[in-house]
Amino acid sequence: MEPAGLAWVLISSALVLFMTPGLAFFYGGMDRRRNVLNMLMMNFYCVLAVPVLWMVLGYSLAQVPFGNDFIGGLDSFMLKDITTAGDGGALATIAFLGMFAAITPALISGAVAGRMKFAAWAVFVPLWLFIVYVPVFKWVYGGWLGQRGSLDFAGGTAIHVNAGIAALATVLVLGKRRVDPAPPHSVPLVMIGTGILWFGWFGFNAGSALNANGQAAQAFMNTFLAGAAAGLAWVLTEWLRDGRPTNLGAASGIVAGLVAITPAAGYVSGVAPVVIGLIAGVVCCYAVRLKTRLGYDDALDVVGVHFVGGLVGSLLIGFLANPSFFEAEFRAGLFYGGDAKLLIEQAIANGAAVVWSFILTFVIMKVLDATIGVRAEEQAELTGLDLALHAETAYHD
Amino acid sequence: MEPAGLAWVLISSALVLFMTPGLAFFYGGMDRRRNVLNMLMMNFYCVLAVPVLWMVLGYSLAQVPFGNDFIGGLDSFMLKDITTAGDGGALATIAFLGMFAAITPALISGAVAGRMKFAAWAVFVPLWLFIVYVPVFKWVYGGWLGQRGSLDFAGGTAIHVNAGIAALATVLVLGKRRVDPAPPHSVPLVMIGTGILWFGWFGFNAGSALNANGQAAQAFMNTFLAGAAAGLAWVLTEWLRDGRPTNLGAASGIVAGLVAITPAAGYVSGVAPVVIGLIAGVVCCYAVRLKTRLGYDDALDVVGVHFVGGLVGSLLIGFLANPSFFEAEFRAGLFYGGDAKLLIEQAIANGAAVVWSFILTFVIMKVLDATIGVRAEEQAELTGLDLALHAETAYHD
Amino acid sequence: MEPAGLAWVLISSALVLFMTPGLAFFYGGMDRRRNVLNMLMMNFYCVLAVPVLWMVLGYSLAQVPFGNDFIGGLDSFMLKDITTAGDGGALATIAFLGMFAAITPALISGAVAGRMKFAAWAVFVPLWLFIVYVPVFKWVYGGWLGQRGSLDFAGGTAIHVNAGIAALATVLVLGKRRVDPAPPHSVPLVMIGTGILWFGWFGFNAGSALNANGQAAQAFMNTFLAGAAAGLAWVLTEWLRDGRPTNLGAASGIVAGLVAITPAAGYVSGVAPVVIGLIAGVVCCYAVRLKTRLGYDDALDVVGVHFVGGLVGSLLIGFLANPSFFEAEFRAGLFYGGDAKLLIEQAIANGAAVVWSFILTFVIMKVLDATIGVRAEEQAELTGLDLALHAETAYHD
Amino acid sequence: MKLITAIIKPFKLDEVKDALKAANVTGITVTEVRGFGRQGGHVETYRGAEYKVDLIPKVRLEMVVDDVVADRVVETIVKSAGTGKIGDGKVWITDVSRVVRIRTGEEGRDAI
Amino acid sequence: MKLITAIIKPFKLDEVKDALKAANVTGITVTEVRGFGRQGGHVETYRGAEYKVDLIPKVRLEMVVDDVVADRVVETIVKSAGTGKIGDGKVWITDVSRVVRIRTGEEGRDAI
Amino acid sequence: MKLITAIIKPFKLDEVKDALKAANVTGITVTEVRGFGRQGGHVETYRGAEYKVDLIPKVRLEMVVDDVVADRVVETIVKSAGTGKIGDGKVWITDVSRVVRIRTGEEGRDAI
């Protein structure tokens, strides 16, 4: 990797690291005052445990050798044989991917808010990382799904659809909260998280070019436009529908747009990011209501935003992928002279990820429930998880 | 653009994007508890609506063709014909400038705090963008003001003076708040905003070199020194004058210094940034009191900090511009062997911007007031805009 | 410096600037509600005063000429003769080092929380900068300690051990708080600070390579792994010991690991950062209890985290330094084919820094106490420093 | 008229409120308070240091009611606020010599 | 002595405080409370889900006053706190059998 | 039974609480309040503008106690809460006609 590319990948990695605290605040602000620390802890825990696991085994299983169809091997166990070769490019890439591995399970925490035993979460994260995240990541990047020609620039399928559907499985095992949902305990904290997430997402998407080049610049532009367009769409939708434009709507729309553009960021151009953003904003604004229809308790709408948003973006690639713009070798979308093949591959890739992720996440949760138990005690849930599970209270005089 | 320059412009763009949430927290913390979400929403709205407008038409009118005196054209409508050419430099520059377009109207929100109808703001922002920001930006960058030789490195005239005087016009139409000003509802939130703003301002100023070079490095150094010097000057001034050094004083001084150095960042060197910072810090510390003298209700001192600070910095260029240091082709300031010509051009440029911005902002506000009305209902103002306009409350248990 | 290196050093400098507000929130959240603004102000003051002092004299005394054993000279007084030469590399480096100079005294503020007169702090910071920080920094970088072959990549000895032991001296002069310690007034604010600190620390450590190269990439990876491993170690330690995993434990562990890896970041590789992190996490988790044993009132554990963590990391270099990995010319650690020489040099370097820093900090504080007094009035301490010293209150309606 | 003051557990607030509404209590004023009592407190741990918190969050309800219904209202509160666990709280009654509705100036029974 | 308790609208606090000062009330204790009553509450919307908030912010004033002035003080509050709109609040009086000023130990009239 | 209400300085809370425990007061309810009185307020300065804050933080304690101990409890509070400086606060007593422990339904003396 040349120095400029390295500088870009390094700063992008730092931006992605910053996203996990951002996600913690985004979720934590939406949570109850008495549960906010449990939410922050579930997120920070991911960025404590996952990097170590990634260094030891995760990276090796997820990427080495790149050609494997389903899973890597032990060639890079403990980062064996990784040197500063290529001016550090290999190291930077491993760190960059490690940040992704850390934030993906963290995404699920929003769904289980307010009722999961922390000890169960502490075991769930490593299990989910190796059983669900690593294989799906491998399939998509270098593995059978990628080889078939499906596209996922920065992790729409591998990360958002994957974590989003896993969130559904977790809450189905976990069951509903004993207390009614409450309004966000601190909307300003939600907005702090949103600002950090958008800021970090530029590294997440544009950094995925793994170089400082035209594709990175377009991915950057797409991240800018899709986040804005989706936020605007969500706010206008609720303004018309509910009568008021809200901060939480703006925040949710921005995130929905960023999720949707993630798989497409390096493959679409021009007006496409705005189209993707607008569609994702409107669709997710309605999708978050599914839980009341269908009756699953996805506390902070991980399914409605990450699964739905990721799926929308991933499928829209089938229409909007524009290889000629990037002078690159990937299939064109239906609107850019391509045939239905790409759309089909996108459907297959997401279908495969959904099936694997849902089933195995469900199994993991069931096993945990049968062994250590996944649900917090009733008293803890009623009087607050922060005190019961962490012996802390968020705010004092 | 070469890869290193691209990496620098991309990260700088992300930093500027981050500034709008930073500004939201800076203002929101100073606002009342019951109005904070309205303030955050006014700021976030800018970063939702403006990027889309910028992509569609704003950039084209503001920059293409560069040579136009007063306004661009439609050549880049919908970013038509923009490619990844030049390794993505064009795309990065458009995104970078789009961030500036988003934060400029947001600056005005601090003046109208606590009494403006959100629907009016939602219409004001696009109108102001196209009628005031885009033309003034064009005049300064490539247009008649720039051609005459006035200097504005990162937007002292085009952004801060422009938004600052517009803030005055808006509050003159809007009128005073019905309730007395209150102390900041959360000084820590103000400081979070301040930290983000300073951090982002390095991208704002040093990124404006549009390359990773000596000018960028000096602009970076200037942003560091001027922010510090102005914060120090403000704190010492109030310590002597009012008897206490305050956090809000430090925050206000930092921002005043950053505003003042913005137009000069790429044209001054050595001790100059400290001089500019010290002057801006003292002057703005007194300027924020003008509103009580003159009786306009500029809630969070947009005039006193952005208009005055921007003007101070822009005029000081007339004394401190140092082309030989940069081995570049711009006029020298009076203290660096230049004649009064540069100072005069700076005065003309700011004068032109002030006249246009003030008059047209005033007209826009009057038209809005005559049509949809700009002022929130009395009840909303008394009991809180968050609930009345956004059906949200900032903090819950 | 080549453009890519410049871009990396510039963004790294911005990241380090962002760390001081981050530190302010990390400390401020742990402080009492009625003292939080005093804490924020002590930190922000450092980033107002130090940059100006650094530009005027600090840099020159700390680095020019590089060869001096004990202290620099006046050759770069007021940044005299600094040009954009080398594509701005010199300027970027001076700014980068200035950020370090600003945050180092800020580290001490955590120890004196809740009882120090702000006027005394305002004088302490410049005195400590020139009398303690600048010389020790010179010794380590280019001076006699560095020449002897001790290693300190990003400031373990020069910054963390130095500030950590100085914190001990300050509290010994200052005495104990009149009121019992209280729990953190806002754990979410602590976590915001933690997120910013970790994010910024990538610039702190990886930026210290002063180039975008393999060493920067490894330093980045080490910063990632050591922060995570230490956070994990602290959380698991307290989970076993106290029965609960806490957010403050995670935050403290992350910072402890980042402190410990700071001196080693560019000299160790592979599993070493995880080892350093795990050791630092466990050791510091116990070290923070020393104050109750030994009876000094280090309010927010600057000694337990920065002095101990920095020392642990600095000494572990003696075992883990791995020059062959970096194809560089420094001594190898005991586990990498080196002899005890490096470990001895590390001990000498830290010993020298500790003796100088402790004694002179103690003297400075004694002199201040004898002249203007260092301790706030009892009333101020009981009813809150924010109001008494800054005429501000953190939170209002 | 009587003033009924009740200290209850926070998570019981909605239940009690609904029960009171059902019992035709037309107005209640609610205050977040902290209470010390038999329940004792809890311990929080920060960096391994234990902080004994013996004031625990409670909610205080006060309502002015007509004499005749006072006792019934008390029973309603006791029934709806009880969990049987220590810390459920107290209810007490004090006399009110005059009550006025600010909006109308109405007094006594008409004021509530 | 009498204890006068008033529940008012938050934005009326300053007005009422000034009126009471003018009426020589020398001391007031103010509590932020939430109230439920005829006024009903409001609805907040988050992600399209409606949250009915029927406890609305109010301010509670309490002041111990001399018997002879009690009624005048009540009128003062009623006058200054009223907006004529629903939700203005209540004022009520209860008897105080003893009052002490902590600083001096003074009792009764001298204590307030 | 008697209801004792005390307004004290916040930093005195622990001291008073301990003194009351020592005096066998088994339960106390604590509220954060703001007070206006002789003490006057303070001035805060933001961007050079002065804000007069005449409501200063205080803590309100209320406890229902048996008639026989009421006066002793008052003395306990006065002693432990006093600093001799203006702003120390007040204590007052009102009558309670009925008190119930929610958990058990116990009344009167047994309820506290």
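Annotations
The chains carry the letters A, B, C, D, E and F, assigned in the order they are written, with residues numbered from 1 in each.
In this section, contacts are C-beta pairs under 8 Å (C-beta built on N, C-alpha and C of every residue); 3 or more make two chains touch, one makes a residue touch a chain.
Note that the structure is predicted; figures quoted are calculated from it, not measured.
Shared contact partners of chain B and chain E are A, F.
Pairs A-D and B-F differ in how many C-beta pairs touch across them, and the larger number is found at B-F.
Put simply, the C-alpha centre of chain A and that of chain E have 50 angstrom between them.
Centre-to-centre, using mean CA coordinates, chain A is 33 Å away from chain C. Residue positions of chain B touching 2 or more other chains: 2-4, 7, 11, 15, 182-184, 186, 192, 196, 242-244, 246, 248, 391-393, 397. Counting partner chains per residue, chain F shows two or more touched chains at residues 31-32, 44-46, 53, 94-95.
Pairs of chains in mutual contact: A-B, A-C, A-D, A-E, B-C, B-E, B-F, C-D, C-F, D-E, D-F, E-F.
Residues of chain F touching chain D in their complex: 1, 3, 17, 26-31, 64, 94-103, 105, 111-112. Within the complex formed with chain B, the residues of chain C that make contact are 2-4, 6-7, 10-11, 13-15, 17-18, 20-22, 24-25, 28, 36-37, 40-41, 44-45, 47-52, 55, 78-79, 82-85, 87-89, 91-92, 94-95, 98-99, 118, 122, 186, 189, 192, 196, 389-397.
On the side of chain A, the complex with chain B involves touching residues 2-5, 7-8, 11, 15, 32-34, 182-188, 191-192, 194-195, 198-199, 202-203, 206, 211-218, 220-221, 224-225, 228-229, 231-232, 235, 242-248, 250-251, 253-254, 270-271, 274, 325-327. If you check the complex, the residues on chain D that touch chain A are 11, 14, 42-46, 53. If you check the complex, the residues on chain C that touch chain D are 181-184, 238, 241-244, 246, 248-249, 252, 285, 288-289, 292, 301.
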